[in-house]
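Report on the structure given below.
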Amino acid sequence: MSVNNEFQPTIVAFCCNWCSYAGADLSGTNRLQYPANVKIIRIPCSCRLNPMFILRAFQRGADGVILCGCHPGDCHYTTGNYYARRRMTLLFSMLDYLGIERDRTRVEWVSAAEGAKFAATMNDFAATIHKLGPNRRLEDLRCRKD
Amino acid sequence: MQRVGVFVCWCGSNIAATVDVEKVAEVLGQEPGVVFSTHYQYMCSQSGQELIQNAIREHSLTGVVVCSCSPRMHENTFRKTCEKAGLNPYMVEIANIREQCSWIHKNKEEATQKAVILGRAAIAKVHLNAPLTAGTSPVKKRALVIGGGIAGIQTALDIADAGFEVDIVEKEPTIGGKMTQIDKTFPTLDCAACILTPKMVDAAQNEKIKIYSYSEVQSVKGFVGNFRVTIKKKARYVDETKCTGCGLCTEKCPQKKVPNAFNLGLDQRRAIYIPFAQAVPKIATIDADYCTMLKTGKCGVCSKVCTAGAIDYKQTDRFIEEEYGAIVVATGFNPIKLDQYDEFAYSQSPDVVTSLEFERLMNAAGPTGGTLLRPSDGTHPKTIVFVQCVGSRCDDSKGKSYCSKICCMYTAKHAMLCREKYPDTDVYVFYIDVRTPGKNFDEFYRRAVEEYGVHYVKGMVGKVVPENGKLKVQASDLLGNRQLHIDADMVVLAAAIEPDKSARPLATMLTASMDTNDFFTEAHPKLRPVESPTAGIFLSGACQGPKDIPETVAQASAAAAKVIGLLAKDSLICNPCTAAPDELMCNGCSSCEKVCPYGAITYIDKEFRGPNRTTLVRRVAQVNPAVCQGCGACTVACPSGAMDLKGFSNKQIMAEVDAICR
Amino acid sequence: MQERLKQKALELLENGTADRILGWKIGEFFYDLTPAVFKTRQEIQEEFVYSPFAGANLSKYLIAESRKGGKVAVFLKPCDSYSFTQLLKEHRIWRENVYVVGVQCGGMCDMEKLRAKGCEGVLSVGEDGENIVVETLYGTNVFPRAELLEDRCITCKSKKVVTFDELIGEQGTELESDRFSQVAQLEAMTSQERFAFWQKELSRCIRCNACRNVCPACSCEKCVFDNPGSGVRNKAAADSFEESLFHIIRAFHVTGRCTDCGECSRVCPQNIPLHLLNRKMIKDMNELYGTYQAGADPDTKPPLTDFTLDDEEPSIVHTRGGQ
Amino acid sequence: MKKIAISKLNDLFSAISKEKVLYIPADDGANQARFTPWQEGLTLTDKLNTVRSAKDLFFPQVENLVNFKNSGKAIQIIENRTEPQPFVLFGVRACDCRSFDILDRVFLSDPVDTFYKTRREQGVVITLACNRPTETCFCGVFGIDGADPQGDVTCWMDEAALYWRANTEKGEALTAALPMLTDCAEEAIDPIAAKIRSILSKLPLNDLDLTGFNRDRMMELFNSPQWEDLSQSCLGCGTCTFVCPTCQCYDVQDFDDGQQVRRFRCWDSCMFSDFTMMAHGTNRPTQKERFRQRFMHKLSYFPNNNDGIFGCVGCGRCLQKCPIHMHIVKVAKALKEDLK
Amino acid sequence: MMDTIKRISGVNPRKCMKCGKCTASCPAFDEMEFHPHQFVDMVENGRIDQLMQSRGIDFCLSCFACVERCPRNVEPAKLIEAVRLAVVRQQGGDHLRPEAIPHLLDENLPQQAITAAFRKYRK
């Protein structure tokens, strides 16, 4: 069903239920466009994101993974995004250390009111991944689709 | 694997215009486990819901995927729909193909493809869903208010008004708190005692309110609806049931040299005392640090003069255990100690006072009987210098980084009162900024300047040197670009305020979170300002942040309303999407406990069957589902993967990832 | 030193302080010591060894040993004592059943280094001042002790025994070591170079799990990689991705809990420098969240279960390290 | 008997690899040797032996079996076997060469493991006599002669030349295709072999005595109280198993890549906690049983079922690589005490 | 120049909340045309030249009263010291050129004096 043969990245966006998922909904309500290859997975809080999920996404063929959560200080559960921030900082640093392109992963804080920011973030991230090309350094060859 | 039904909604043209709903239904129908797949114009309509219900019955569906608008919109609707058809409501998953698909994409082929993928993810997840049942936990219909200041009193009164029992625990011998020490209140200048003491009496007389004065919270166990609290009643050596509060003992006690804490040490009282005339409860208390009888065993004067026979030197601390459904924290504030600010000569001269001491010096019930006299020589001060922001807005270790909020207004009040009572005094106020947002606040400050002629100087005092009975004040006048040298008679320091020292250990007991300044954190800074993130713990007054009296009272009533809302329920329905440990996998390492914002995780030593018919004792985590809010922080902290989150389990999320990346 | 330890072991056994001793047992050669529990006087006298080849960290054995009833006495070298304290912090060891004798350590020797010097057929080893004299089937070799030290001992972080009931020898101090220099070198490489480096290293992994099973931080009742219910179980790295996955997740799970004892690299049969992954995390935490040493005390919160309001954002990865 | 100058080794390797893939033991950059496909520039290691044994080439750690795919509501089966190309394995030591006999007894008896069989057929084994046996070597205990290994071709080396003797048809065929090998006298290898044997005679583990590990004493060994102590320090890692040339246990696993399910087999280790895990759980619940399984298999069950041939070849890899050095020699010696 | 001053002093003038406590504490107030709080403000707003030309900078006693009292840890005295240093380091501000030295050499002239006549400067 692919539209053309150009590289179409697969991007997984983990969004916290309270801010970023609502922000994504708002960008939809406002009809703000972003690429269709961004797919959102709803999690209760950014602190629910296990590093395993990110690696799993890369294994299964994702080219970029982004985590969106409430702005620090605004977490529905008070402290969740603070833990997420440390976890992701260390994880990203480790991935970078292992030679994985640092642009493949990102964390962005998007509030429920920031529909425009959500769309802009996704557009920018998708463009970055598009420029970066397919994920080759952290993929499982068995899951390659071509 | 479930028997899954897929229901694709057109949402009129909202979805159908950009997503080929027929095709989505057809493709998803081919997915493993899908036994029924259809599409309909409005799935959320009555007939749409009936369609789902019929399909559940006809095809014996065990899982339902609705491809429609955001779950934030209709997840609950569809859950109820399915529940009515006999399906567990948590066997429903929503694929958001409107807000996150049809509305953001224009290319129909692309949008259709994406809708299919989102549907697949929902199907993959629903295969791993398990029926969940929301548990309930009973609510003990009694509230505890910790702290008996104006905040605690107001909260207690409001709760009692709604018909619930409420206890106040106050660490001092009387309730009333800081407001009892204040002379007049801004911006109306009515007398604090006149408005506070009736409330204190109301509290004492209210049948629903029980006051534990001279008491402290010793331990807190349990969770929302079911707290078990141990209260320590400190020994006051006076039988509360017998003491009539006549005050004879406080006149006869031979130990006269006790610094009077109520007047901040500006005068002295006896070893047995009632803090002030309107104290509630009006019961004498023996100060064990000074009482000759308690220290040496010789004296006993108070016992001899007490006609009620209330004195009991043998009294010891008593512990009371009570159950509560909700706890309100109203521990209040204190001015900071000014030892670190020696440039203002606070420790060198008795004529350099804090604003709270100044309140006592102005108060008719204070050490000077309401006449403003210098503590050093009892003369009228002619020149008074007020210094703002002493210890507030500091970036160093000496002070506090925040603005104490109330100082600008009370300093304006003090300055105004001085000028009003003693028009011959010169009053200077040194300020960095004057912050007076609030109803009639700025007008009040302007009156101090315009009507009362208070000299407001933009600048700061650099040093104060006591010299020949005067206070040499060196200050800057930034607008005049000059340095001022004032010979003052009195200097009043607006000390920063900080949370009461008892708050930190209390927060630990309550597992309520605090910020770095020891103010309690609210559940949400905007939307849930009177609740702690820990369920069942509410915040009233300055324990949450600096506040003036109107704000405190407003928040106190708000907290009361929240408590009433909780106590009005017979039982609490718990969120079923809670964390749960696999005990066989749990290491007992406490990682999860450390990140739980609600204190929902505890540990027990539990016996397990080991290999070869042995038993093993292991420390394992327990989650209290009544307290857990389901954030999932613990699931990631857990290295063994023992902790998982119902409804958002590791496997469910990974199944979604797999489906999306497929 | 060995004699003092033996005497202590005998004393503890005889005065009833402990009913068994956890130490190192003699092997076929001078270097193949095995951690063992000694129960009798005779065993201690004949088989107890403490030598420059007693590298094995005994702390992890105490998870099981402390639960067996009775009291076990254990000899802990400084770095082992960090692991021990970290395990106490995680409630894994029942402290009341353990009697800890801290022992100083002059650095442990590495058989691999000896072999790397072409020393085959080694029969015995002797100490001659700062030199190690090795008798082999093919002659005698003499090496300065420093050349045979394990890599982890060359960059020893501390000679301090953090938890003990009794100390043999002097208490040591924390040392200034440049243990992060290799990490810094890697950080200074380009992303592509780092990727190549780690691909080369990790591709040798045979998933024997020695690194995990020896690691005192990997004390899980059941590892996610062994648990069929976890959804990520794998027994062999069937794809290069899985080599990385295992080591990334393992490094992440021990972040803030790894005391940098170096056992992972010591036991790796394929000589993969696994400690460089853990050290990277330690270095990051030190730089981003303030110095933290796991196992240095039983109370401090590990950085991943703590936070400050103004922590760095994950995007800092763009400005730190190499290109 | 043939020979070739050491300086011409490269030509020899080059010629062999023209026809077949040639594996030689080479340094792996981490101070160890491994069998590596030869390409121009690759040289023989000076290490005695590889860390991973030669069995890897016949019984790889991971092997694809078959794939499944959902097509509509049906399941489609897709063959996914990698057929091995002819290859030559150079530099196999006597111990590893013997391990093939042991593996053959397992994989080539009914039901025949066709994966293994094809690889055995496709592979030519060239052994190399051990010039510098090390202290962990105890192949002699199993009647293996490090100075005269088996294989399709046997080689000896001294400073000047490589000596080459074809033992089998496969070996002869390969020899015939290598004209650079020149004839030489059989006696040429005698001094080399003598030198090796003099060292072999001095090896410290020569005194390992395995008499009595027979069927009659099996239950006695099985029930030995010593297993408790011996297994106590075992970490439960698979190092010994994975470096062992004779360990042959494997697990069959499925991997769902999203499109299809890939069934593959991978090495298992009796030291692993999920070894022989079944629906009801495991019948070897503690490390003691799993540890016992490994050594009982090598020292008792295998010889009992295979004409007294032990399941160990004395290569010494586990002696060097076990993280806590609880190796087969220690176990055998401890058990021997029970038999006295 | 502003960055140089900030670098030399290690001070972040943006932290200043303009309370004037530094100026209130300054014992050399009357001697200086620019007072400590103005110093901070002028550095922040890049009016460094004016400061460098000011005679007042030499009247700062470096008593550090302002540093001690500042509630925001701005440390005005360090800024003033940095401006002084910047003046000293100005290029071309040397009292001597190397070529001139041979003429000046004399048995009794201390080496130190010649060295002192050179000023450190920055490019």
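Letters A, B, C, D and E mark the chains as written, and numbering starts fresh at 1 in each.
In the analysis below, contacts are C-beta pairs under 8 Å (C-beta built on N, C-alpha and C of every residue); 3 or more make two chains touch, one makes a residue touch a chain.
Model, not experiment: these values are computed from the prediction.
Trainee: Can you list every chain in contact with both subunit A and subunit B?
Mentor: Joint contacts, listed by label: C, D.
Trainee: Identify the chains in contact with subunit D as well as subunit E, in label order.
Mentor: Neighbours common to subunit D and subunit E are B.
Trainee: Quick check: more C-beta contact pairs at B-E or at C-D?
Mentor: Pair with more contacting C-beta pairs, B-E versus C-D: C-D.
Trainee: Could you grab the centroid distance between subunit A and subunit E? Build each centroid from C-alpha atoms only and quote it in angstrom.
Mentor: Distance between chain centres: 51 Å.
Trainee: If you average the CA atoms of subunit B and of subunit D, how far apart do the two points sit, in angstrom?
Mentor: Comparing mean C-alpha positions, subunit D is 68 Å from subunit B.
Trainee: With chain centres taken as the means of their Cα atoms, state the distance from subunit A to subunit C in Å.
Mentor: 36
Trainee: Using the touch definition from the top, which residues of subunit B touch two or more other chains?
Mentor: 595, 637, 650, 654, 658, 661-662
Trainee: What positions in subunit C touch 2 or more of the other chains?
Mentor: 222, 224, 232, 238, 304-306, 309
Trainee: Indicate the residues of subunit D shared as contacts by at least two other chains.
Mentor: 255, 258-259 - these are the residues of subunit D that touch more than one other chain.
Trainee: So which chains end up touching which?
Mentor: A-B, A-C, A-D, B-C, B-D, B-E, C-D
Trainee: Name, in rising order, each residue of subunit B that touches subunit D in their complex.
Mentor: 30, 32, 611-612, 658-659, 661-662
Trainee: Okay, in this complex, where on subunit D does subunit A touch?
Mentor: Those residues of subunit D that touch subunit A are 255, 257-259, 262.
Trainee: Subunit C touches which residues of subunit D in the complex?
Mentor: For this pair, the touching residues of subunit D are 28-32, 34, 46, 48, 51-52, 61-62, 132-136, 199, 202-205, 229, 232-233, 235-239, 241-243, 251, 253, 255, 264, 266-269, 272-274, 277, 319-321, 323-327, 329-330, 333.
Trainee: Over in the complex, which subunit C residues touch subunit B? Could you list them?
Mentor: Subunit C reaches subunit B through residues 67, 89-92, 218-224, 227, 229-232, 253-254, 257, 301-302, 304-306, 309.
Trainee: So in the complex, which bits of subunit D are touching subunit B?
Mentor: 70, 72-73, 256, 258-259, 285-286
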